[in-house]
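We just call them A, B, C, D, E, F, G and H in the order they show up, numbering each chain from 1.
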Amino acid sequence: MNSRIIYDILEKLKAGSIDVDAAMKALKNLPFLEMEYAKLDLGRQLRNGFPEVVYGEGKAPDHIAEIAFQLKSHDQSVLITRLSPSAFEIISKRCPFLDYREIARCAVWKAADEDLGRGLILVVSAGTSDLPVAGEAAVTAEIMGNRVRQINDIGVAGLHRLLAHRDEIRSAEVIVAVAGMEGALPRVISGLVDKPVIAVPTSVGYGASFKGLAALLGMLNSCASGVTVVNIDNGFGAGYSAALINRKHTS
Amino acid sequence: MNSRIIYDILEKLKAGSIDVDAAMKALKNLPFLEMEYAKLDLGRQLRNGFPEVVYGEGKAPDHIAEIAFQLKSHDQSVLITRLSPSAFEIISKRCPFLDYREIARCAVWKAADEDLGRGLILVVSAGTSDLPVAGEAAVTAEIMGNRVRQINDIGVAGLHRLLAHRDEIRSAEVIVAVAGMEGALPRVISGLVDKPVIAVPTSVGYGASFKGLAALLGMLNSCASGVTVVNIDNGFGAGYSAALINRKHTS
Amino acid sequence: MNSRIIYDILEKLKAGSIDVDAAMKALKNLPFLEMEYAKLDLGRQLRNGFPEVVYGEGKAPDHIAEIAFQLKSHDQSVLITRLSPSAFEIISKRCPFLDYREIARCAVWKAADEDLGRGLILVVSAGTSDLPVAGEAAVTAEIMGNRVRQINDIGVAGLHRLLAHRDEIRSAEVIVAVAGMEGALPRVISGLVDKPVIAVPTSVGYGASFKGLAALLGMLNSCASGVTVVNIDNGFGAGYSAALINRKHTS
Amino acid sequence: MNSRIIYDILEKLKAGSIDVDAAMKALKNLPFLEMEYAKLDLGRQLRNGFPEVVYGEGKAPDHIAEIAFQLKSHDQSVLITRLSPSAFEIISKRCPFLDYREIARCAVWKAADEDLGRGLILVVSAGTSDLPVAGEAAVTAEIMGNRVRQINDIGVAGLHRLLAHRDEIRSAEVIVAVAGMEGALPRVISGLVDKPVIAVPTSVGYGASFKGLAALLGMLNSCASGVTVVNIDNGFGAGYSAALINRKHTS
Amino acid sequence: MNSRIIYDILEKLKAGSIDVDAAMKALKNLPFLEMEYAKLDLGRQLRNGFPEVVYGEGKAPDHIAEIAFQLKSHDQSVLITRLSPSAFEIISKRCPFLDYREIARCAVWKAADEDLGRGLILVVSAGTSDLPVAGEAAVTAEIMGNRVRQINDIGVAGLHRLLAHRDEIRSAEVIVAVAGMEGALPRVISGLVDKPVIAVPTSVGYGASFKGLAALLGMLNSCASGVTVVNIDNGFGAGYSAALINRKHTS
Amino acid sequence: MNSRIIYDILEKLKAGSIDVDAAMKALKNLPFLEMEYAKLDLGRQLRNGFPEVVYGEGKAPDHIAEIAFQLKSHDQSVLITRLSPSAFEIISKRCPFLDYREIARCAVWKAADEDLGRGLILVVSAGTSDLPVAGEAAVTAEIMGNRVRQINDIGVAGLHRLLAHRDEIRSAEVIVAVAGMEGALPRVISGLVDKPVIAVPTSVGYGASFKGLAALLGMLNSCASGVTVVNIDNGFGAGYSAALINRKHTS
Amino acid sequence: MNSRIIYDILEKLKAGSIDVDAAMKALKNLPFLEMEYAKLDLGRQLRNGFPEVVYGEGKAPDHIAEIAFQLKSHDQSVLITRLSPSAFEIISKRCPFLDYREIARCAVWKAADEDLGRGLILVVSAGTSDLPVAGEAAVTAEIMGNRVRQINDIGVAGLHRLLAHRDEIRSAEVIVAVAGMEGALPRVISGLVDKPVIAVPTSVGYGASFKGLAALLGMLNSCASGVTVVNIDNGFGAGYSAALINRKHTS
Amino acid sequence: MNSRIIYDILEKLKAGSIDVDAAMKALKNLPFLEMEYAKLDLGRQLRNGFPEVVYGEGKAPDHIAEIAFQLKSHDQSVLITRLSPSAFEIISKRCPFLDYREIARCAVWKAADEDLGRGLILVVSAGTSDLPVAGEAAVTAEIMGNRVRQINDIGVAGLHRLLAHRDEIRSAEVIVAVAGMEGALPRVISGLVDKPVIAVPTSVGYGASFKGLAALLGMLNSCASGVTVVNIDNGFGAGYSAALINRKHTS
């Protein structure tokens, strides 16, 4: 795991280039970077294993750019979710290092390239309209240091398509299953494997889909078979949990 | 179709054993038999193709027995749904001709044995707790003059079980798919066939199944593929609609 | 039914113009046409009896046009639903063969003109604002090879208007009943006939109509009389199910 | 209207048998009779035109009996709603003057027999299970001094039955329409007449009827045509409002 | 009541200027005027006592103008609800006879000036944001031939304001009470009078007012005291029902 | 405030009768008394100002009795809410010091009699069925050391009754307003005073009261005028908050 | 407290500069200032302790400006909530005395600077998106004459941040806790203090947060520990109640 | 992992004691044991890693006993959830090997004692009423071959109690957090660790807890921080998923 800053401080201390008081202060200052419009929690990587993530929707591009810049300066990975292309354009001027994933609507910069996972994280989705959420899950897991693969458009209405991917599905360590409408995909998947399945309901659908409620309820009622659920459209949350589950023992 | 009473009246008229006025009156009297506690609609078989059906829950056994007796006297099939074993015991004393289907909680007597259907009606169900509702659908379709088969316990969590029945499923003319929890069965079935599928959500489940609401919403969101839905636990309605769909042209 | 492509392949094989391996490959390739932005399921017509249908809302006109073009090239009927006039204008440049139904907001091209139905499909609607949904149901049933008639503006608040159409209603093989507000139309219709009625709740109304929920609940509570229900505003699903029900035996 | 007690007090004053102070006190004492377990509002008949009504459910029979006894002692009509037969048995010992209406589950005593209404109040209901609520509405209107008629079992699924009563329906001054399930009856009725219709949803039904919610929403969506709605199962409220509407001008 | 057209036809017949067949045809033609985009129900005034009302929202100004023109040509009152000022501007060119009520967003033309009511209809409202709905109720009752008065801004949070109007409230024959938020006004009003109160919940409020649902539920729970309820924001329905209740006996 | 135990320990230490280690241990043991079936939080009085309260519903009488006994042994006040008379009978054998308030369904023992409040806490309720909840609020506030008064049966449907208590209402420091049905009482009260009002919705009512939801929503929509709300039927919570608000400064 | 106008009138009377009739009239005229578009309640400060507050959303800037001007002319504090910067710009031309708080979206003018509170009112919030609501609460309490402090960005997901403020939290007399998402902050805060906590759910969040409903329900379920709740996003209501609770005894 | 039966068959084959056909048949027969009332899925352990689990509620004790007996005969672990003590008493006669966990309401028999997990599974719960659900989760994880520890009664209202267990919480590999009411526990826990947290809402609570809905929504809104959710009261599902996550790599 990437926590170079802390190590740097400690090594400087050991090497005698700073004294205990200076190290103490450096470490104490770490957790929060007080910015004009936000407290940037630089200690989150140490405490929770991953840096703070920026939810882009409704935030000013200037502020996002500044946060991204600071994170990179402290050598922490950057993940900005729910970011529109037009906002990215502004941000990328200050942060040319950022990479934009259009379908997932995320901007990313990866601090290090280590593989932190025990196995493959597979993100499957039911319909083409579920792609942005599935993409967000995949990008999140990837930036967290995992090998990720995506299979799209394998809804339960076409079993032959789904079954054609059976081996690939079984090869994964964790599976994220994204679906709108009635949300049956995670249950069908969980019947094929003996691995944890994280279900993400999406707000895709109309009429009695009630903006994802039908899918959410459907998924909650599949919980008996190793399926757990995150909030509607919360691709990030699913990718994050998948990464926690897939993580190698560091000790 | 069984409408012997009307034919009897008309033949008596033709044969001269009654005059036009008497026939008129007999026919006019037909529609309703005024009983102390109910109006028995004897004309329903003529108008809607099937006799009146008795919803047993909350009705006094004596009243049910009298209605059943009158229906049989007029040579019309008898179907009593939601009937407890203890109520049946009382009723069967006055109506020994009735047959009780324990799992479906229905009492039946079939006026005639003609096959009125174009093909097979298949009733599939997801779990063992869906059996009463599936049974009600099957009994209803059967009493309405159809060949009916039931396949139970083929939920979508165990695809191999479901796929093992693929040929049987494809051989049906109409399919009734009964499921609680997240109600994914009808959608998966509809992907395998080119026949109408009637979905019945059941109130089986706990927590966020909300007494069948999760299954109902799930099924409504599967409507694009030839699935239509009836009310929660309404096995009778599904069997009835399946019978209407399956009916041969009489003209 | 139209499955000329498969027959062509098989006949080429029989005629010796291709060998078994080539036929095998051609058939295997059939099910999915991999396009840049979608998998076009060309095998759906074979498996489910009708070609893949395109839900137009939110899709790029260019992509829709390409899919429509491919479907026609494989001699499969084209149905694009929820299509705005402005999107159609763009699409029709690449696909001049498409016909636009303004009220129903559908674009269509019909591969063949056979009558596949056993009888008439009647689409009735309660108010003028229900017309787009009723139109979608009618167009869908028609493109699937059925004789279809529409009667509009016969809500239950004006019984005389509804009863004036009694004979026409009774002449249909399947009835699709479209209504918003309290959704009472299907139940009243089902009391007049002995044919299956498919109810479509619409999101028409205000206040406690809750975007179609009141109509949906009303219709689900009418299920006892041969009524089955599809999702709110799902005219396509109703027309599709009506077509499946009305279909002649091919064997 | 029956307000003899007040007149008695005033006449005693005029006749000189009591003085102004005593009259004042008697009148002031009127409004509330402080009982051990309740404040009996004897002034309600003066202020709102009808005496206080007793909601029987969950009250001790002894307390109900005492209230009924006091009301009759003050020459005010007695109406106890939601009263079980077993509770009535206890109450009738102390109050032998009370009359029990079994289906409506009400006990009544009528202070005077004047006809206070402008015309007929008609209570129509859709199914046999709606009878208790319809009965409560009818008894309430009757005890308030109105001519009342009930027509039962005329749901919208059997239009011919409903239309057979068209003249009777048109002869009423106010109509109370009681229905469960999808609650379409009031709207159909309101299309036949130019009189106010009060709709009462009942908790009859199962599955997605949600204990009367479906009927309530259906009725609220019929409001455009002269229909107003009361709470689920609130037969009393409907009868009460119907009586207010039907009342002759006293001035 | 205004039904001059029918009388004209009948008098022409009596006077010999048309024969029975012509009269027959004229009368038969009456009920519906087939327009390109709608069926105009001219017989509604005869059957239900008031002409057809036009719900303006979402209709093309041209169509509304034509309907209004036809209604006036047949000497029937015109009421167009939910009409924006900009739509009115277009309509008033073809229909200069129409009068626009800005707050109520209604356009009206009154066929005759008779007073059809037994007494005063009072429309009270709780807050200034309830004014459009209250206005719609008042205009509707007025155009239907009633004396109408409005009192605004007397919510229950300021009892002294409400009580200051006590005499005016008691002088009305029917009261329409309009309120958003928690909807307590109708119940408080009904405690002051012995006349029918029609409650109109409005969608005013935020957070847990849920677009009028809180007010609707509050009002339904006040039904015991002579209050009946119409749909959220349905000022028209309340005014219409108030007019029916207030109507003088014509026979 | 009653925190004698801690003081005892500290004084014993000061007096030399125990040493620091013993005091330490005594104080550490204080917060939780490990019982077989529960951790009794004896430190809550110190931390939050009042001892732990026992929610009686569903707990075994033996366990409750033991907890009550321990609390009293540590000289802390005892409050057991939602306690049935039959459970109290068992408990009172082991805890004869407990006093049972029947209507409020609470058992209490008060450790000290000091008046901790700045003024009067007034508990008002709308109907007789709201009494148990109002009682729970009153008992809670009283056991917490406040002067409490209750006024019952002053619903908003009878304004004259409510206004008769205007002075009493204005004399209170904090008001708890308890109401079911549409929950308008708190708003009306808050319009009369300049003191905080705590609203308690009750589950009293039927039909669309939805077990208190209508009252809850109504109250939340009254928040602008100094009203705050607690959970449905949560008399205890309201009394507790009222006590916190009313508390004298100790510093 | 600021009620100079009344005192002025009374002192003029005492001084003989006006007579009793003129004083009478002046006082009577006080309560409402009839403006063209509103009744300005100038007596509210006298009756409820604070002047009328203007809810800015959806009101015309001209009208708001006029009301603000009148309030200041009568020497009453001005608080306008939910005011956009663009509306403020217009208003400030007529009312240059107003001060705009951008984050809270409020405009204010304070009539007097007395400290009316017993202690500190603390407003804490969970996330940066909760700031507008927290700001509204703080501004409201401040304009009502209280010392107010705000602590932002201390959600329960980062306990160490929250606990770092423990002493500050414990020093407050009343706490307003603002949170969206799952709304856990108030419960955690209430476990740390023995002071009243007012919880404000915000509509921040997505998916199953249902625009604040999840937070609202969460907060209502924390009521046992001295927490009371106001409507979603109702910062004003929370600040207002906090001010009422914090107020010094004037008598 | 325990799959001895399959190995036995294969070894017999290898050893020549059975021939290929017999082995084939034995393996084919494996998946389902057709019992009179159920299909026992003996192949589930092979496919999904754990044997079939028996949901005890509503099943006949005789049937449960037979299933348990068969599972043990095939050397597969037995887990029966939602089992009442009285049902266990009957079952234990036929299955004396079963062990009953009273609080968790589960009966268990463990086929083997291997430790299949990578680390500790910790089950934490908020209140004493959450114990049955927490117990079910713990028993499930244990029978699946994991080391499990339970910490109870650490709700977020008492942070000091929760923080006292910080080290224990951090030592776990997977955490199951069980809570009713507002369900804040999982979010607070997830802020302390970098491990996956599975949240289980319970139906504990009253009023606006809506049988666990408030807790469910609260938990879904905490998903951003590595929390995933299962259905209300679904302790089994949480334990099962925790076991899948904790499982050692076998390959």
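As a working rule, a residue touches a chain if its C-beta (ideal position, glycine included) is under 8 Å from a C-beta of that chain, and two chains touch if they have at least 3 such contacts.
Computed from a prediction, not measured in an experiment: that's the story for all the values here.
Under the contact definition stated at the top, the chains bordering both chain B and chain C are A, D. Steps from chain C to chain G, taking the shortest chain of touch contacts, total 2. Traced through touching neighbours, the fewest hops from chain B to chain E number 2. In whole angstrom, the spacing between the mean C-alpha positions of chain A and chain F is 46. Distance from the chain E centre to the chain G centre is 40 Å, each centre being the mean of its Cα atoms. With centres taken as mean Cα positions, chain H sits 56 Å from chain D.
Remark: chain C and chain D have CA centroids separated by 51 Å (rounded to whole angstrom). Multi-chain contact residues of chain B (touching two or more other chains): 158, 191-192, 207-209, 213, 216, 220-221, 225, 231-232, 234.
Of all possible chain pairs, the ones that touch are A-B, A-C, A-G, A-H, B-C, B-D, B-H, C-D, C-E, D-E, D-F, E-F, E-G, F-G, F-H, G-H. Taken together, the chain G residues at the contact with chain A in this complex read 128-129, 153, 158, 206-209. Put simply, chain H touches chain B in their complex at residues 31, 37-39, 41, 58, 201, 203, 212-213, 216, 231-234. On the side of chain E, the complex with chain F involves touching residues 156-159, 163, 181-184, 187-188, 190-192, 205, 207-210, 213-215, 217-222, 225. Contact residues of chain C toward chain B in the complex are 47-50, 53, 118-119, 191, 193-196, 198, 216, 220-221, 223-232, 234, 236-238, 240-241, 244-245, 249.
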